[in-house]
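Pasting the structures in now, so scroll down.
In the two complexes below, chain A is the common chain; its partner is chain B in one and chain C in the other.
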Partner chain A sequence: MLRAKTQLISHSLKGKWYSTVAKSAEYKLTCGLEIHTQLNTVNKLFSASTNNPFESISHPNLNTSYFDIALPGTQPILNYEAVLFALKLALSMKSNVNLNSQFDRKHYFYGDQPQGYQITQHYHPFSTGGYLTLSKEFDSIKDTEKKINIIQLQIEQDTARSLHVHQSPLNKTSGEDILIDFNRSNVPLIELVTEPDFHDTLQIKAFIKKYQNLVRQLKISTGDLEAGSIRIDVNVSVNEHPRVELKNLPNTSSIIAAIDYEYQRQMQVLKDGRIEEDAHVETRAWDGTKTTVLRSKESAMDYRYMADPELPLITLDNDVLEEVAKTLSKSADEYIKDLMSEPYHLSMKDAKILTIQNEFNDLYNNEELRQYYVDTFKSYTKDSTASSKIVISWILHELLGNLKKLDIPLKLLSDNLLPPNKLANLLTLIHTKVISNANAKQLLFHILDEFKTSRCVKLEEIDFMTLVKKYDLQTTNNIDYASLEEGCNKILSEIKKPTMIEDIKSGKKKNSIKYLVGLGMRKYQGKIEAQEIETMFKKILHIK
Partner chain B sequence: MSLKSMISQLPKVQKDFNIFTSYIKDAPITNRINDTPLSGKVGAIKDNIATKDFPTTCASNVLKTYNSPFDATVVELLKKDGAIIIGKTNLDEFGMGSLGLHTIFEPVRNPLNDNWCIGGSSSGSAAAVASRISDFALGTDTGGSVRLPSAYSAIYGFKPSYGRISRWGVVAFAQSLDTVGILANDIDTIKKVFQTLDKYDPRDPTSLNVELRDLLKENLLKVNTSDKIKIGIPKEFIQNELAPEIKQTFLKYIESLLKHNKYDVYPVSLPSIRDSLSIYYTLAPAEAASNLAKYDGIRYGTRDTKKPDIIDGDFYNTSRSNFGPEVKNRIILGNYNLCSEGYQNNFIKAQQLRVQMIDQFDKIFKFKNILTKNEPIYDIDFIISPTNLNLPPLIHQGSTISESNPLKEYMNDIFTIPMSLAGLPSISIPFVNSKPHGIQICTQYGNDEKLLEFVKDTM
Partner chain C sequence: MFMNKGRFIIGTRSCQIKPLQCSKYSSSKVSVGSKFTSMKEIKEYLDTPSWSLLEYLRNDTNTEEITDEQKLPSVASVKKLLKLSGFDSEGVDIPQIQQRLAKQLIFLQNLQRAPLDDSCDNTAFARIQPRTTKPINYKDLLQKIEDQKNNKFEDEVSGYWNPLANNIKSKNGYFIVTKKTT
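What follows is the complex of A and B.
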């Protein structure tokens, strides 16, 4: 197991998330996904307990009501927040919402299943159909466009979590104990089942990424695979090989590796003509290096599905669907397209940063960041006809860098210190050369640092022009070139390594000139633009 | 009888009739008569209803050691209105049985004759009332479990409309049917206790909501009280096997009604009644099998720690073998009906027939069903029938009856099951004192108050 883990880590470290296994044209891979997504509602699905499955590490069984541990006489009460979240997801994927969906019980015995059944939706699921579209442009797949069809969405309960321990407080002697933590019991899940529409692992990787971003954009789940907020089973079949369901896939790299392994294995089975004796649907688990049989169809369980006799139907009105649809924003692809076209003209990379939420972040979410960018952009371009590239580069590099360094949330900054129009003011000052780029960076850091020291409370309104004057940061408008030349020559004379200057001149170490410019900037305290200093050095050293 | 003397008699009554699974030893200190509606009233609670003050065993080895950390809503409401709970009453395990014999405790004896079965499954609750140790008792009625023991012990046993009394804290047998019922020696006590318990409970997903309760009140005001009351007798209830003594009492009751100008009696037909046993024994055991799946011994109740509890990949065989034989029968039958072929062929069919039966009731009653909104065709106010087919069997014969042929025991519920399937309010009344000849009166869904009024007028 340890060995398997190391291999997994090295696999993902190399960044090889996509398939490294050559696929043979003769053997066609077909996959479908079953995705379980934990909804981040305030309360659990059928009880008023706090929904926080991650509390388990420090406080097992803290968030458990009588119902969550299935005490006799307890009853489920549906949390309609989960229904709202499911509705947002279904509508976003153009899935047909069932106006009368129903809860069913799926029976099986397991330690993490306190009722002896799971409440899910089997006979009349929440929604059916729908799709997510992948594209070469946005998702780096091979086809120009690929539609992944959804079979259905259903709302269901999560199980408790089993912890296998070798020595527990209860059993000090020997052997393995299974401890059960019910914090996760009855947490709302959505199960999404796709059609078997995937034919290569790039598509699977792209779908997972796109789906994760969707649930984060909708704010219905944290969307993390590693933490178990999203759990994925894969159905794999090569040519006519019977479908195999893969389980125990904790992250994207293990999903891809398991499919690769299964592709090779099934191909070998087909080549060896072992298909006859092997012909039944199997469930196999990925152990980090290989897949092994968990159970085959012959021993498959009959879940004895039964309509829950006390939970009412989830009855929805078309008006509700329309109202919820109105609250949904554009799709991520549409946002990216907008940002890449008139008037913003952002690169796809920058547009994606403003759109795709890779992880939940305490300081900002992509929506706030995008809004901050758009507002700054509008304010900046109102007064200036100049190139607007400075806006995105300052926000993504200077501003975000400082916020992370100083741990300041973007929203607080925008509300209490630096609304978009103020940042636009500073950028205009840079553009009109009132302040040099270097000094502007220092000034920004300085005011952010002060803001942090004063606990991010609302301060007096900032006026950059006043600050520039106060700290004497104005660039020199009328440069005395003679004195600048004298100054630069003095810098050169103080360089202790003459070879360095030779290397700059010969072009061997061209970039070392930046070092000289840096010395110049320090000497003139940034009041002379770096460009002017560089030009002067080039003139002195006869560099073109 | 003062509370103190009542408590002092508990051990003797218990010895005579095996009424309780547990009971109080001393009078509560806070026992003061005040102006709460049930002040001074003494009640007993069927032991499948959760209580903080007593164990909740369901008369099962599986829950023999279980203490609930909370009170059922009905227990909370009774306490709040001043009732004194003297103990938990014996029952057929998890409410499954008609004779009061399927219990891990001794069988309950009938205060009318201690060689007789008292009927089930609310056996101890009926005995507590019949022995007069308790003013009232709560039972649960899934297919007749309040009405049948009330008939056998000659007391009043009322099963209200499904959803009017909260089930939060009632250990589920078959939720689509389970109803808390009230047993007492007089109709006024039934009425009083019902008023205390008849409340919407947000913790119970099947509790009748406030809007529908308001609609019921409105509909009740619309009923013209000057009309003659029409009483129907379903011809499907005419059974050749009916015991002659019970038949006599039933005919006497009809005669007494006809003496009044107020009442007219009509024959009616509800063909679906013939399907009721099949529907019931398809749906109820399936729900039961599902509900009893939680008893794995992990979080509470009995667990055998000496033997392995996973054998050949099957979980909890050892712990779950603690269920009694009748419960095991029903789990097997229920799972049979739930397995994939059984569900489509039997379960779904039974559900459809159940709806058909409700539609037939809706056609006959004058009062409109607020849940189905079906339009009535006829204008019957009440339907009457005997409650029980036979006189109570002897205890020592009872166990052989149920062991040799469980279907015979199931036949006891023939008159009571249709009302359970349709969720209708119905009551068993002792028309002749101290005789185990129950008469069942039932009415449309939600018409509970009129039913109790009618009983009061005719007795």
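What follows is the complex of A and C.
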């Protein structure tokens, strides 16, 4: 009802989510985030069983050790790879690493945690402080710059996955059966808590995107919200309204929609003067249309935190910080700035494609792609002063398009078939008009297709000039313009829709000339440059 | 749990506790002292018991047999605990178990009455003796990671054992927990 009444919530526009709720200056929105990130370590946090929570769909409870399901007598052994990953994240966010952090037990009783407690870091978390800076330039927020401060990072274990099944025939009582899968149990998590520094949903959206890209760049998590690799709770408060913790937010659109709903709800509470009856911190769940009370917030005492007696402190030498810091690369913003500057001069859009990993896929990551581009660029511009725009255009549009189509990983391609210098050779042949753009595209697809058919094994070194000759793909150097004019006239005479010609001539459908050029390219098998054919059609049709 | 002159230890660790004056409770004098300084000191301490367990198993009236029905766990509770522990409840001496559990409860209640100041200043050092963990340097860290990756116990190998084998109820490879909705 509230949703309909206030006409709120977000809409999807070309796949992007934006908030339609106008925030009133009188009612200030304040939000903080709690982000749980699954680390993609080889093994789990306190056992050496395989860390693959996504296997659970087909094989529940496959990756479970005695410890993961809390058989009596088992003890935790810390996986130090999780410590290394936490160090990378903490240092990237300028967070102060605690050289003596400790694990604590957080007690609660639920089927997803058979130990009766979760091992987390309560008293002495892994790191404190730090920040992530958002900007108008790179993150499309309203402010020129916005610093989001971090309260702390802590390492903890994930719980098992629960599936709720109502009124199962297996259960003769009126109870509810909960199916439990321990593949996720004991998977390492980092919980990141921000200060309540967010004041609009654009900042939240930008932070999530930036954080996802950071964990992907650091290769410490797949960073997927939908799959549950990152799970986000949001603390929302409007003016003096007590904080409300929002849960069950599976994706960015849910997060924005839930905040919008909660903003309207709390604003209404304040307007109606109902703050007294509503004045308690609570946890609410998002059900897709509204938020509903889950529970009143547990006090810290309820969890009976105690230091875990079975785990030693994580005591780190100072050199660990220095050495891990050396392994970190530049920030995404710095990479984007570099690519937009001398000598590359890329557009921000292209620079972002080479830098930000929007989705984790098996074919390439942004780091490999960026390196492939930089190496191809260097090779191409070594002996040429020609415009280098062809490099980014071919890599992003032709090469990536074909790799996705044929399902070929970029690294395999670069190692076994087409290293950057070879692609640069092909681009040089295009630039020097040895081969037309159209024929080069066909040639590239052909060699990639053959590579795929041969199961991507290393083939003999490619020589594009030899291939051009082999398949007779050279452009015609000495064009017989009279013959070309005759050929183009023949094409025009065969057009069955004379109105189309008129529309091209009158400028009504200017771009239809590309259709004619396409017919010409087919007729001359790509051996005459498209530009030459277009010029000839314009001459015949008296188009300036 | 161990008790001795001036110290109070739970399991293998204790809170960082301020030294207390001796204080009376039950029939014993219990106080909490300073931390141990070495493992030798701990061993010597544990090797010289100066108290009797029986002292702490006594109830207020000091009688061996607990006759007050109120202080005995119910038969239903005993059966539930047996079931939870995986024991058969048929043919067992329930009254005897009731007596034993009642005494254990008295013991625990006595422990809980101990004059402990558990306002730990620093939980990282909540141990019976100060501890210093050797810091891990970067080389150690990488070596530990490498060693751990390929050092699995049998149960940690995926598919080595069937965690559901001893379960009465399971479904499609999942454990089942039933939540009573009364």
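The criterion applied here is as follows: the second predicted complex is superposed on the first by the 512 of 544 C-alpha atoms of A that agree within 3 Å, B and C clash if a C-alpha of one lies under 4 Å from a C-alpha of the other, contacts with A are read in each partner's own complex, and residues count from 1 in each chain.
One rule holds for everything that comes next: contacts are C-beta pairs under 8 Å (C-beta built on N, C-alpha and C of every residue); 3 or more make two chains touch, one makes a residue touch a chain.
Computed from a predicted structure; not experimentally measured.
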Inset, instruction - Would you mind checking whether chain B and chain C clash or fit side by side on chain A after the superposition? - result: clash
Inset, instruction - Scan A:309 for contacts with chain B and chain C and give back first, second, both or neither. - result: both
Inset, instruction - Could you say whether A:66 touches chain B, chain C, both of them, or neither, answering first, second, both or neither? - result: both
Inset, instruction - Once the structures are superposed on A, label A:38 by its partner contacts, choosing first (chain B), second (chain C), both or neither. - result: neither
Inset, instruction - Once the structures are superposed on A, label A:81 by its partner contacts, choosing first (chain B), second (chain C), both or neither. - result: second
Legend entry - Touch count on chain A, higher of chain B and chain C: C
Inset, instruction - Could you say whether A:49 touches chain B, chain C, both of them, or neither, answering first, second, both or neither? - result: second
Inset, instruction - Kindly classify A:185 by the partners it touches after superposition: chain B alone (first), chain C alone (second), both, or neither? - result: neither
Inset, instruction - Tell me which partner A:121 touches in the superposition: chain B (first), chain C (second), both or neither. - result: neither
Inset, instruction - State whether A:111 touches chain B only (first), chain C only (second), both chains, or neither. - result: both
Legend entry - Region of chain B that runs into chain C when the structures are aligned on their shared chain, from 148-156, 220-228, 256-264 or 274-282: 274-282
Inset, instruction - Residue by residue on chain A, keep only those touching chain B in one complex and chain C in the other, then list them. - result: 66, 69, 77, 111, 180, 306-307, 309, 312
Legend entry - Residue numbers on chain C that touch chain A, as the complex places them: 11-13, 123-124, 126, 131, 133-138, 140-142, 144-145, 148-149, 151-153, 155-159, 163-164, 169, 171-182
Legend entry - Contact set on chain B toward chain A in their complex: 49-50, 56, 58, 63, 66, 68-70, 72, 167-172, 174-176, 202-206, 286-287, 289-290, 292-296, 298-300, 314-316, 335, 338-340, 343, 347, 351
Legend entry - chain A to chain C touching residues, read off their complex: 42-43, 47-50, 59-66, 69, 77, 79-81, 83-84, 99-100, 102, 104, 111, 123-124, 162-163, 168, 170-171, 173-182, 306-307, 309, 312-317, 319-320, 322-324
Inset, instruction - Going by the contact rule at the top, pick out the chain A residues touching chain B in the complex. - result: 66, 69-78, 105, 107, 109-111, 114-117, 180, 302, 304-307, 309-312
